[in-house]
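Everything below concerns the one structure shown next.
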Amino acid sequence: MIAEKEKNGFKESLAYIFSRNPVLVLGLVIGQLAAGDTTLQNGVALSITYLLITVPVLVFASVIGKKLPDWLKIVSYAVLSAAMLLPSYFICGSISATIFDSLGIYPSLLAVSTVPIVFSSKIAEKQSPAFAAVNGLCISAGFAVTAILLGAAREFFGNGSLWGFKIAEASFPAVKLPFWGFILLGFMAAIINWVKDLIKKTDKNPDGEEERV
Amino acid sequence: MTYIFQFFTMMLTALFVENIVFTRAIGTSWMFYLTKRPKELLRYVLLLMAVTTVSGLIGYPLRGIVYNSEFRHVLIPLLYIAVMAIVYLAAYFLIKKFLPDQFEHFGMTLGAAVFNCATLGSLLIPSSERLDLIGTIGYGIGMSLGFGFAVIMVSYGLTRLEYCRVPKIFRGIPIALIYLGLLSLAFYGLVGHQLPT
Amino acid sequence: MSFFVKGIFLEQKKEPMLTRSTLVMRQEFEYFDCDFPDTPVEELSAKQIIELARLAGIVDESDGKMLWEKLEKANSGECGTLIVDAIDDEPYISSQMSICIHQPEKLALGIELCEKALSPEKAYIAMYRHILDSNFGIPSKIGKYRVKKIGGRYPAESRVYRHIPKGKNSVIVGACAMLHLARAAEESRKMTSCFITVAGDVVKNPRNVEVPIGTTAEKILELCGLTEEPEAIILGGSMTGRAIFEPENETVGPTTRGVIALARSYGTYSYTCIGCGRCDHACPKALSVCAMRKFAEAGKLDMLQQYDVSMCIGCGACSYVCPSRIDVSATLLKAKKQIEIAKKEGTL
Amino acid sequence: MKDRLMFQNAPHVRQSESVVTIMSGVLFALLPIYLMSLFYYGARSLVLGICGAFFCCAFSAIGSLLLHEKPVPDLTPIITGLIIPLLMPADIPYYVVISACAVAIFVVKLPFGGTGSNLFNPAAVGFASVAICWPELVFRYPATMQAIEIFGESTAKIAQSPAYSLSFGAVPDYNVLDMLLGSAPGPMGATNILVVAACGIFLIVKKAVNWITPVSFLVPYALLCLAFPRISCSSFDALCFELFSGTIIFGAFFMLTEPVTSPKRDFGKLLAGISSAIVVFLFRYFGEFEIGFASALIVMNVFSPVFDAVCENILHAFRHKDSIIATFKSDKVRKKLSDNQDIKAEEIKEEPVSEDEQEKNAEVIEEIDLSEKEESGEEAVQ
């Protein structure tokens, strides 16, 4: 019984990668991506930071969260997630020495984003540690897919390069500004909606009429 | 007098030129949360202002210690989160003791309202730009006013979008993001054209 | 600043109908018996006049009520003003005005009778005078009654209510009903006919006709002749009437004001609202039409009520001016009905 | 006869003016501006215009195909495509114009639901986005009276535009007549002030454009420029330089008046015009570059529903004037009475009466029209 529930839960948490993508469908960490995610390297660095913050905080919440008093909960999550910036600083430093300088304040803002603060206290506390870990992994995987795609697209159109290697001449430097980040994220979200629509059509009613408004 | 002038310049800069949402892209998820609950906006802006001012005052002398550290990218946010934690705990117990009926109303969301990107962002930006104390506080107040301004602008647009014939795949998050992007484009016209290098 | 500008300028197109006299369709008149046949017209008492109106079965063409009921209701209290409604503000429609121009004596007699029945403080005839159509002369007096010219823009009928002094029992009666009353008093004739304007760009011989009640639209059109096959036949006024599909089955009643045959229906249009705001300026009630249409399409009944959709009088001015040819007026009237239903059910 | 009859809703006569006639009026008004730029810069300006119009149409067709919508014959993309090149210099590369058109159609129009639903002015957003991306191309103006090569790299002489000199407080070295006739360098279509103004007046006479919007924008803008001059010369010259440089006049007639994004009522248009004058002035005064007009327009587009709501609230009060006065009066009566009598007994007595009054008044309003101002005016006419 419990195992079955967990199995369904796993399926649900896999949905965080695509159909319940934390960025594009739930609309959670948009700002950091729109402003900070200007190259592929930045995207990878942001994803690593996010992974290192999300999984430990969620596991911590499901293990100890219930035993803490109300006032200490959020404080402990916030401090823990800020502390997790340190390992990510070392790992990302191996990609490129100046990556945290180029990202500015945005990786540290990940520490107080919605998932480690709100999601942990509202949902993760009621889950088993393993399940919370899988949930965290899937959420950060969904984040990573978005961040890497967006970073690659912006680096390609903005600099004509990928991972720092020049491959094309074309350049549209304004893509690196935050507003193009918002607009591109909007279009990516629209594509996800479109794909979801397609899947619904082929799955359930192949010749059913869609409602038009 | 010069201090007052500096304060207001910094505040207006933070309010319009470096608007927290439109040019810095910080606090979007909270903004979308607040556009659906316009009644909470004023309370939230006041809370944001109070938290940034108090934490800025406490954090200003402390941040000199970690400024020149090699790990400042990690230590400064950690420092400010610790300061915010102190402010949060103080607010928590004060409200619980002196305003118990208010505490029932929003005591549970207080944590989420203190620890979010908008508050941390409006503390981190002045510290990374190395502003002095007056600048820091002016910047924080301008940032929180700018946040309220941004919420109002976006909520006008979102109510207007309900009556547009938005294509099905664009409804919801996508059109809100595109709308936000276009607004932030307009604010870039004021800033000028500082392309990132 | 047209913050308060209301209504629209309409091309009236009344010219050939008004200059020609009324064509009477051949019919047999019905007469009624009355107890006071020998009394001269001038000596009829108020009660007798109301009785006459009842016996003749006169229906007021401006609102479809029985004339005697209206008179009795007005007679019960002190009557302030008697207004004879000869306002034909819709294009083509001119049956009331043509009575004023071509049969003034009879009309004056009818009003005299009505005045005697009600003894109002003052009585006048209200006629619509469009600024652009000044060719035909509107008489300044009919009998001893003053003609008050209502100028301005299209929905003029609602503006007449303004001239009523507040707090007094005033009554508005139609000009055709007055004519029928005069006939009833003089000849003891029952009201069996109605005055109808036959017009439109495919009608060969457009004019005002007097036809028996119950004549089909097809017959009326045959009487005046068609130059080519119409695409739209309208029963009623050109702004508020309804399009009909079976002219051989649709009959005219006492409140029908016209039969209009048009060569082209305005057709459907594939454009959407471009938000020009002309409908807002056209609305005689100063409603925010453009916003209300959007609410109606989104099904927001609460917002519609907040924007006072219930004040819409359905004049059609908004649809007339719309450059995208959207049926704004029809949408709003539908929403108004929906709100009434929702109020009855208590869901709103 | 029966077969041909069609269904149609109530007003059976309609105005002859339609969307097509309004839009073609705007197209017709844009033609002389293109002719003037043909005279000043050679055939390249015409090719730029055709390119913009073609690509806007093509992009909107592609978009409606992608969204599975029935393509609608529509003139608005052509207008957008014709306005965008007029805001740019004549030697602009073609890819800049094409990407501005792409932004205007794919980002501003299609996601919001196509013509009639766009919340922002497409031409303004398209122009602003490319101006931020390639400022060195968009704000480098060629000198007038030289034919620019139709294709390939431009070798035209570059001149300093008056708007640029104004932005750092220098007096432009052109006289007012030059600027009126358009021989000063600047955006392709916006320098020929006389022609642009004539076309704008043509639009106003044709009623494609409401006169209130440009007037309520230009007059306060001129007053602001007089009050806070940026350059030191005679105030008349300074005013002319401020008004005639950049895209102020062109934008006032062709971009600010876009029907979709502007308020609906005249009073709202007046408010919007005044406030956009203030915002444009602030953006040009403090902003770092010359796209002040376009970005101020985008910001003002957000607030146009607010102006509509202001008008609606005023009119709402007027419609319910009688009941509002009645409640006010009943409040007064209640206050007077409550001064004398016991308050509690008073409340029980008075409230049902006042509600009845309100209902009666609501009925009265249905029949009697509201505004007395209008009435007195009309009686004077009669």
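Structural remarks
The letters A, B, C and D name the chains in turn, as written, and every chain counts its residues from 1.
The rule we apply is simple: a residue touches a chain if its C-beta (ideal position, glycine included) is under 8 Å from a C-beta of that chain, and two chains touch if they have at least 3 such contacts.
Just so it is clear, the model here is predicted, and its values are computed rather than measured.
The most central chain, judged by the distance from its Cα centroid to the centroid of all protein Cα atoms shown, is D. Contact tally for A-B versus B-C: the pair with more C-beta pairs in contact is A-B.
When you average the Cα atoms of each chain and compare centres, the chain farthest from chain A turns out to be C. Measuring from the averaged C-alpha position of chain A to that of chain C gives a distance of 67 Å.
Centroids built from CA atoms put chain B at 21 Å from chain A. Here the CA centre of chain B is 63 Å from the CA centre of chain C. Per-chain CA centroids place chain A at a distance of 40 Å from chain D. Each of residues 173-174, 177, 183, 186, 190 in chain A touches at least two other chains.
For chain C, residues touching at least two other chains, in rising order: 272.
For chain B, residues touching at least two other chains, in rising order: 165, 169-170, 174-175, 178, 181-183, 185, 188. Because contacts link the chains in a way that matches no line, ring, star or complete pattern, their graph is best described as other.
Of all possible chain pairs, those that touch are A-B, A-D, B-C, B-D, C-D. Interface residues of chain C, counted against chain D in their complex, comprise 1-4, 6, 10, 91, 149-152, 158-159, 161-162, 164, 166, 229-234, 238-247, 260, 262, 265-267, 269-277, 280-281, 284-288, 290-291, 307-308, 311, 314, 316-317, 319-325, 327, 329-330, 333. Those residues of chain D lying in contact with chain B across their complex are 67, 69, 107-108, 110-114, 116-117, 119-120, 125, 128-129, 131-132, 135, 283, 286-289, 291-292, 294-296, 298-299, 302-303, 305-306.
Listed in rising order, the residues of chain B touching chain A in the complex are 21-29, 32, 71, 73-74, 76-78, 81-82, 84-85, 88-89, 92-93, 111-112, 114-117, 119-121, 124-125, 128, 165, 168-178, 180-185, 188, 195-196. Contacts from chain B toward chain D in the complex involve residues 153, 156-157, 159-161, 164-167, 169-170, 174-175, 178-179, 181-183, 185-193. Interface residues of chain D facing chain C in the complex, by the touch rule stated above, are 1-2, 4-15, 17-19, 21-22, 70, 72-74, 76, 114-117, 259-267, 270, 308, 311-312, 315-316, 318-319, 365-371, 373-375, 378, 381-382.
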